[in-house]
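Each in structure tokens, the structures are laid out below.
Consider the two complexes below, in which chain A is the common component and chain B and chain C are the respective partners.
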Partner chain A sequence: MKAKVIKKDDIAGFLDSLLKEYEVFAPVKRDRLVVFDRIHSGKEAFLNYTTSITSPKEILLPQSETLFTYSSTDSAADVEVPSGEERPRLIFGIHPCDVKSLIFLDRIFNEEEYKDAYYLGRRHAMVVVSMGCIKPRATCFCTSVGGGPFSTEGSDLLLIDIGDEYIVQVISDKGEKLLGKAHLEDAGEDRLSLMKRVTQDAEASMAPKLNIDGLKEKLDKMFDDPIWDLLAEKCISCGVCTYLCPTCYCFDIVDETRNSGGERLRLWDSCQFPLFTLQASGENPRPTTKERYRQRIMHKFSYLIDNCGQIGCVGCGRCVTECPVNLDIRQVLTAISNR
Partner chain B sequence: MPDLSAKIREVVQKMLREQEVELVIGFEQGSMPLHSTPCFIRNEEDAQRLVWNSFCDNNLAKYLVKRPEKVAIVAKGCDTRAIVELIKEKQVPRDQVVIIGIPCQGMVDRRRIEAELELNEILEYEEQDNKLTLKGDGFTKTVNRDEYLYPCCQACPHKNPTTYDILIGDMVAEQAPDQYPDIAEFEAKPPEERWQYISGEVNKCIRCYACRNACPLCYCKECFVDKTHPQWIGKTTDTNDTFIFHLMRAFHLAGRCVECGACERACPMEVDIRKLNRKLAADVKELFGYEAGTSLDQIAPLATFRPDDPEEFMLGV
Partner chain C sequence: MKNPYLPTPMRIERVVVETEDKNIKTFSLSFLHKEDEANFKYVPGQFAELSVLGKGEAPFGMASSPTQTGRLEFTVNKMGLVTTELHSMEPGETIGIRGPLGNGYPVEALEGKDIVVIGGGFGFSTLRALTNFMLDKRNRSRFGDITVIYGARNPGLLLYKEELPEWAKRDDLQLYVTVDRGDEDWKGKVGVVPVIAKEAAPRADNAYALVCGPPIMIKFTLPVVQELGFSPERVLLSLEMRMKCGLGKCGRCNIGNKYVCRDGPVFTLAQLNHLPAEY
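Right after this comes the complex of A and B.
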């Protein structure tokens, strides 16, 4: 694998050059929080972060988007679909777990039978410049769910922080092309051995792997297990875990009509909300927190394997750190595995 | 802050042994440093899990509504205020709850510790008296817990339980009544500035409803935002839609909000939710001399009417 090097001080300039060609999304600081947002200057990027509070899924799947607008008169109706993205998009400084979530979303919105034009419009030709995690948090568990702090899966370039410089690993042709005009120096032996030390230290600092072998087989026999009453007891049924989760993709379709026109919207939805499964008859098949929490775990670790051959968790730890009642999915998965 | 864990366990064990209650709601050690987490204890052995420390910040009254069994609850000042309101609003029968009151010395704002100290990740902590010792990769730092209390705890005039059946720990000195200086300061600003601030805060909201769901007084079986026939408010994150959610929620909590700060702590986006709630609490106090949750006897001002009620705020008066 080719490896180049770039000085940290040169990153803003590199981003500025990318901005000429791409719509660039990067981690930025908003007050005390780090979120992913579109940047207009290389200086806006804030790369010294561990995990952003919201996930980059909103770049591909905005929380609220107009599918089309409509208007009508007595004799005619008009439907207008918003125009797609004009320029290719580039995500910069995204961690490998979040990159894995993009690959996950591809399996949902870009599969054989169903291709989501809105999603593909944003995902098409997207370039991914990821950044390895030299300081995984104690709540990170990517290695338990098939990822790793320096995983290159899904990236075009991977940056690794070695102090004043980043090693730039060239993963794909797209990545190679991106570096075309940057004329970066080759990393060289010394820097590569430093990188090896940095990555080994980071991998060694990861919390022990969760023991979740055979989880799906367990779950498939546990739908009626009384353990769900206990596991979900403290859950307050808010949407923090689902909305911050990089792989939760469920949405709602709503029409907002004013007078003779309006718009059809696609909005994030959460299986933790009672409204999610409320039927027009008034019946709700998931009436309490227990059924809703069970659904979240079942969907991620069983149903998705049946439907898409993959689990719906990349181990980013956002639901762990941000749950208002500290309902820790790692403990829940362990409790199920020990059942 | 005194470690009352052992005393709490002892009391709870006795209660469960004597079958005084079926369930005890308290706190146990969380899965991360600087976290405690709600726990549900049904037998004597499990009572060993109970803890009391600077991170017992959830308002446990949230878990009392519509429970079938008789419950004991570990309750600091603000939890008891919420319980009082829930009893008055007929959500919790008084004889179905045993309140284990704990005088509170304020809970510690872990996000502020993490942000202000700019330490690497805190991996371990110890609490002794008023000192918190924080440890992580390459650092050990000791701070005074009292300097890092949540804003609502700093302003709290009701640290002691306002009602209880059993008291654990010594009553603490209460500070002067809250004069809402932050609200007065905010109200003195020009309207444009206030609008800019509030809409900026509201724009951070991701509509996860953690504020509502963490709130002990938000117990509506169906929240107005979840009404679909007809739909009452837009569901996007457009400023107007989100604003209506926060405004309506604040109004619905007027005279009921116990200022526990659970909404703000639950918010992942750090929205200043308390600004609206405190404005209404300040108004209710000024107009009706009422502070939510401080007395079981006093009728909530918005649940009653007197001909001489102040009504300058009514349109057209």
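Right after this comes the complex of A and C.
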């Protein structure tokens, strides 16, 4: 693998050059919180972060998006689909766990039977410049779910912080092309051994791997297990885990009319909300937190494996840090595995 | 690839008030554009999302048979936002449609078999579609004996009142229409669907039973059909769930790893026996 080097001081200039060609999304500080947003100047990017509070999934799946607009509520009227993006998108400084969630979403919204034009419009030609995690948080568990703090899967370039500089690992042809005009120096032996030490230290600092081998086989026999009453007892159905989760993709479809016209919107929704499955007749197959929490775990760690060969968790830990009642998915998975 | 979220416009041609309480109406629709009709190829048991701009969408099974061209029929119970709006609409007005969606009844597997249709209340609409499909001149010889058992809570709630007498006259269909409670004018059978099904006792060898109705009817009918000798592989059910996308994505209608909108709504009892009882 080719490795180049770029000075931290040169990152803003590099981003400015990318901005000429791409719509660039990067971590930025908003009210002391780090989120992913579109940047218009390289200086806006804030790369010295651990985990962004919200996940970058909203770059591909906005919390609210227009499926089409209607000029009149008469259904004979023509509807109009918003035009797609003009410039390709580039995500800069995204951590490997969040990159994994992009690959996850691809398998949901870009499968043989179902191609989501809205999603693909944003994802098509997207360039991913990721950044290794030199300081994983205590709540990170990517290594337990098939990832790693320096995983290159899904990235075109991977940056690794070695002090005043970043090592730039060239992962794909797209990545190579991106560096084309930047004329970066080769990393060289000394920097690469420094990088090796940094990555080893980071990996060693990760919490021990969860012991969850055979989780799916366990889950498949546990639908009626009384453990769900216990596990879900704390849950208050606030849905924050699903909103922050980079792989949660359930949505609602809602019409919003202003004056005579309006738009049909696709909005994030949450399987943790009591109304999510409530039928007009009053029937609700998932009436309490027990059924809803079970659905969340079952969907992520069993049903998704059956339907598209992947689990719905990248180990980012957002649901762990932000849950208002400390319902810790790592403890839940461990409890299930020990059953 | 066509954008699956865009509704296709249809004109309301006819509205039939089905029930005495006026809460159930059947809408007969025609496509505004001929080419849309050619693209809408369906089998009985499939469904579509009806769309009223400004109100939203709701899923309904096609109540018409694909053998009847030019028109689609939907029987709509006034329940929520979209259905209430639909009930206020008149012939000449336009609504949108997305579909056909779901798997539908396995028509090819049913060929050469005796068919026992057991429906209750409002759940009868796609069974009606299937029955009309089988009764079509071009199709009738492809199926064996047809038995239809259909019930409602009272005579006023029976659907398709113009059609049932026509079916009753036929000699290639055994029809049992029943109500839970009769009234002064009711001359037909009185009794809940499972009891009438047991009395009718259709032969189960070389036959399929298709069951759709309210949960309470399903609960008591399934033991009866199994007692009559229908194996779980030969019992078909059509399920209902809250849905939004109809494409297996929005996350509402799954039962275990199956989506009612995409993998169903028709399942065999054998399939359901392997899924969690979360419906």
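Odds and ends about this structure:
Everything that follows uses one rule, which is that the second predicted complex is superposed on the first by the 331 of 339 C-alpha atoms of A that agree within 3 Å, B and C clash if a C-alpha of one lies under 4 Å from a C-alpha of the other, contacts with A are read in each partner's own complex, and residues count from 1 in each chain.
In the analysis below, a contact is a pair of C-beta atoms (placed from the backbone, for glycine too) under 8 Å apart; a residue touches a chain by one contact, two chains touch by 3 or more.
Everything numeric in this text was worked out from a predicted model, so none of it was measured.
In the superposed model, A:Y249 lies in contact with chain C only, and not with chain B. After overlaying the two complexes on the shared chain, residue contacts for A:R286 are found with chain C alone; chain B is out of touch.
Once the two complexes are overlaid on the shared chain, A:F46 sits clear of chain B and of chain C alike. When the two structures are aligned on the shared chain, A:A77 is found in touch with chain C, with no touch to chain B. Of the two partner chains placed by the overlay, only chain B lies in contact with A:E322; chain C stays clear of it. Shared interface residues of chain A (contacting chain B in one complex, chain C in the other): 252, 254, 278.
Only residues 1, 3-7, 9-11, 32, 51-58, 79-80, 83, 93-96, 215, 240-242, 244-245, 247-257, 276, 278-279 of chain C touch chain A when the two sit together in their complex. Residues 30-32, 35-40, 58, 62-63, 111, 115, 120-121, 123, 137, 204, 206-210, 212-214, 222, 226, 228, 231, 234-238, 262, 265-266, 268-270 of chain B are the ones that touch chain A when the two sit in their complex.
Considering their complex, residues 67-68, 70, 72-77, 79, 81, 108-109, 114-117, 223-224, 249-255, 257, 262, 264, 266, 269, 271, 276-281, 283, 285-286, 291, 295, 298-299, 302-303, 306-307 of chain A touch chain C.
By the touch criterion given at the top, residues 30-33, 50, 53-54, 63-64, 135, 137-139, 205, 230, 233-234, 236-240, 242-244, 252, 254, 256, 265, 267-268, 270, 273-275, 278, 320-322, 324-328, 330-331 of chain A touch chain B in their complex.
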